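Following: one structure in structure tokens, then a few remarks.
Should a chain be cited, it is by its letter among A, B, C, D and E, assigned in written order, with residues numbered from 1 in that chain.
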């Protein structure tokens, strides 16, 4: 039986998620793996927006910021449960994406890039400046999700690391599943079509503006949930989460891994999350190495790491 | 009942009237051709009818509804479909997916259904794929189905565009130079394809410089020059019009077209 | 009134800084459709290079010249090794390469020169010049003059010279450019060299005002990028006007509205302007017939 | 084994860089002298780039992977806040190098810090302004964590010192021109002094702009600029008369011979400047003090177990550091008072003590 | 003048030219015909140097040019009017033409441009407009005119008649014929096989990356197989 690429991606991912913990020598590895999954979740959103629909956003961290601060603020000001705050943040991000997306998605290429960059900067500026509410640049504390103690009361006691590993792994799996479903559906095809030619997409009946907006909203929700998870995991949050560097990081992970595919995006997220950890022994050479690796990958594997490596291997075989 | 009526349509680019006060109409199942010298305004006329450009003047009526200046995707929902003179292919998608995207209107459901891969969404996708393959067969591209569209030769891309346009199952099909880049034999295949489509009830508006094809299959011809309609009528009448010969056909070509027409009559 | 003048002068000074950087973007963009996110690093290299050459004992003008030449070389090497090798890669990949280069260059400078902040001495002293009740530093005049001269040079280059047109042709259609005999690789090399040199020149001119360190590049590049988009990417006129406008917006907002949200107001204006004019102020809409 | 997560790069690298260098130098020095109780110190030093998310990861790594007995670091308040839960959960003593008062107030069992709080800096400045008989203050703060936190504290304590804040402007950490803000402040009725919390190039540019506008009212910078490089950047002429609440470190040579801090700061200054060829700054001093507290506690501690170490740190008494003399207790995890701040003024391109 | 031996070329891993031998003698007009996807365009791209050659060699005026970069081939006299027009859409018509003569800076450029305007008067009308706004046929004219501005001794034309009105198609073939009197060699790829073979001296028939047939143009027109598969008669 042939398995579809979609199933192959999901299976590989779940197998890795299941097996990896058995090789983890310490809680630190659980933390790193959770970070990989959280970043990958945001990157999957970027894959939908940039990989499928071809729209570049340099402000997606803004949505991560909204998601993250929703988890910090909603329990305090609205009395929401942290878990409900994640949903609340996702909704807020979705609405925000809808409001912002409509005007800026009319822009193309770099103009869209700069407009989205502006949006991201606005969000991080509000988070930085409204000290009374957000705690300013030093950030604020985030309530405990509470799920872990709830579980342990019911006999399932996990360490903090294991707990977050499970949560993030499950959410990434769900996120990847949704994105893969989308890829080969009418909506996904519409997104990829408008990437190719907006004029032609229009004449086959695709509402280009609303399709772009859909992709923007979906990817905003991904970023938002990822931001929420970071906030809950760290039990604190600072405006860095909405910063320009974080936006760039998301796009880089997606492109480096191979932006047109979910598998590539996850791979890219893994590499760029692990790399700085692996490079700590290089001390001051860390930045140099990171920059160098980014350049080399893009030069020699221009479709990104995963597709690039795959075709290299195939080339050997053939 | 007339399917498409165009009245007094016009547009300017930087003060130059690219199309000026053009009108004609079209019935279901009919093939009407627009001919005229390069730059006469044929493609521009297509662009206005299909909503790519907003007309500066005039009115377009589709099946009784005023659709002037309506966005292309809304026109597509009303049964209008087209191909492009400058190819608009979804380069990085496979040939099959290009055609499947033509089924968008039939296949689309809610975004949620697509995200969660509900059975209805999957069923629609399967149906679209099956039908897309049939269409590819019709234009002779079935063997290229899985290839990346960007890797096809020019002539094959032209046919891919026709297949995609057909996927909409249009009431009105606009073809902009479908035979360009095809040799005589390939042109004839396309020729037959168009006639078949028309027989099934689709109205066809055709722009083409291959006079042999135009004269053979069109019921009615509209001739443009410098954005204005200079003649219109049945092929035999138009091809004898001295203004048309001077502006477009050229004396030599006229003889040939006539000769070939006679040749076909012999068959 | 004096306040107004002061805000205006401040805006023009800062704007000229942005304009110089935006002008640097223009050339590479015109040759390759790539927005070079490492442009800010060229600015930084110009400033840092001059600081160290000066510290090593070279007189200031010589130090500046050396730094500019070296930066131009680095631009050319960057093009040769990275951009040209990845020639047919999609634009996003090229953007990532330039971001990678930016990180790389920062890393190297940080190892070689350290993380200190430095300042170049002002070219003509630090005595403020009174102007309509406001004060301006002589160095600001240098920066403004620099921006205007670079603008004029670029504008002439792109509208009056065949090479300038060849650069435009290279990005418009590389295949066609080769077919008409344009050495597209050379055009790219040229663009990167000149672009880097302009960046470095900007660095030399602004360092006495803005100070310099290994990490000044990114924020400057971002502002320059925003300015270039505001004016319309690829058009020298757009870069100049966009830069000055952005500077004025910031300073008037800081002066009259709120210094907390000065960058925010600038970006909101950009968003609003782009939603009215999607190609920026002077950007031309590309016509692509279907 | 000692752990550290410092913002060597990123927006706070101006602070983190001397901190990291100081730690490395001191560890080298003490190991050369035979270590503590015969054991050599192994330093695990990570660069969190100012990102709290990374800081937390590195803290986890220090605790879980490297098995350190204590953590120094958290250059910024943000990164410190991220490390605190890890230190708390794993019961590892953690000495922060960041300014905010929230770090030690309320006191958490395993969290300490070395720098003065921002509140103290504000109070020191206001005290001096008051001494000059002035009371109307214009503020111009950086929007980075350092500036924003100090701005908050200053606004909070101003009334208590009889100060009225007549202008409250800010600038971005990467801004290159602050004349509009200064112009606005200058235009405010009766403004008598300017206080500008911030670090890095911002304060230097503010000082230059202040001269550009020919302003003459007293200008107070924060301890964020406490380094000779500030004078170089702002220019000797331009920075003439600028006052800051600083530490003994900057005026090592001016200290009276019997000053208790004289020996410590002179030694540290010689060590740092000798090895790095860059002028010392307060921030490196914070790292120096954190390390000194750790070493002092480790020497006294019964074992290198976390709880013992913590108790030993709480027992720190009359430890002379670069910042001041530290005496901790279970309730006081900073151990400094206002007297350890010294009001400094720039005269002829050098720091002088304001009597 | 131009000789191609054992030419192979590939896109990625797929080979599309499987060893072609083509010769064009000085002053000759040679036509290549073939079905969609036969590899005609690829052949011309190889000769012009914008498509990598994986095996075989291309010799032009006695020198091997297989590895000479594309931009240097024009200075040796090889110009291509490419498939899909490939004009500079953001530049004006006049700038397009001037770039066609990029290698020259003499007064002949002006004369050549006037000649081009005589040949295609509509280009003169539009000389200051952005080329991207031209109609399909007008762009095709511009592409041909631009190739001529490069003063080729050997002109490669990829479907020059595509999208042109009948009156201009006839004119294009006239131009091709007239080039002969100017001693310009022409390699012509055409779907309008009848018209092309009529003006040509010799012809090649390509099928899926190979030369299936070659011979005198007159003979090919008479060949029943050709008449059936390419001429539709």
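Following the convention adopted for this analysis, a contact is a pair of C-beta atoms (placed from the backbone, for glycine too) under 8 Å apart; a residue touches a chain by one contact, two chains touch by 3 or more.
Computed from a predicted model, the values in this text were never measured in an experiment.
The chains that touch subunit A as well as subunit E are B, C.
Steps from subunit B to subunit D, taking the shortest chain of touch contacts, total 2.
Among the remaining chains, the Cα-based centre furthest from that of subunit A is the centre of E. Comparing the centres of all chains, each the average of its CA atoms, the largest separation from subunit C belongs to B. For the pair subunit B and subunit E, the distance between C-alpha centroids works out to 28 Å. For the pair subunit C and subunit E, the distance between C-alpha centroids works out to 42 Å. Taking each chain's centre as the mean of its C-alpha atoms, subunit C lies 35 Å from subunit D. Counting partners per residue, subunit B has 43, 52, 84-86, 88 as the residues that reach two or more other chains.
Across the assembly, subunit C contributes 110, 260, 263, 288-290 as residues in contact with two or more other chains. Taken residue by residue, subunit D touches two or more other chains at 8-9, 143, 170, whereas all remaining positions touch fewer. Here the touching chains pair up as A-B, A-C, A-D, B-C, B-E, C-D, C-E. If you check the complex, the residues on subunit A that touch subunit B are 178, 181-182, 184-190, 192-193, 195-197, 199-208, 214, 218, 260. Residue ranges of subunit E in contact with subunit C, taken from their complex: 48-50, 69-72, 74-75, 79-80, 82, 86-91, 95, 98-100, 102-103, 105, 130, 132-136, 139, 146-147, 149-150.
The touching residues of subunit A, counted against subunit D in their complex, run 25-28, 31-32, 35, 128-129, 131, 136-139, 141, 160-161, 230, 234-238, 240-241, 245, 276-277, 280, 283-284, 286-287.
If you check the complex, the residues on subunit B that touch subunit A are 50-52, 71-73, 75-77, 81-82, 84, 88-93, 97, 100-102, 104-105, 107-109, 111, 113-117, 121, 124-125, 128, 164-165, 167-168. Within the complex formed with subunit E, the residues of subunit B that make contact are 13-14, 36-40, 42-44, 85-86, 151-156, 159, 177, 180-188, 209, 211, 247-250, 252-253, 257.
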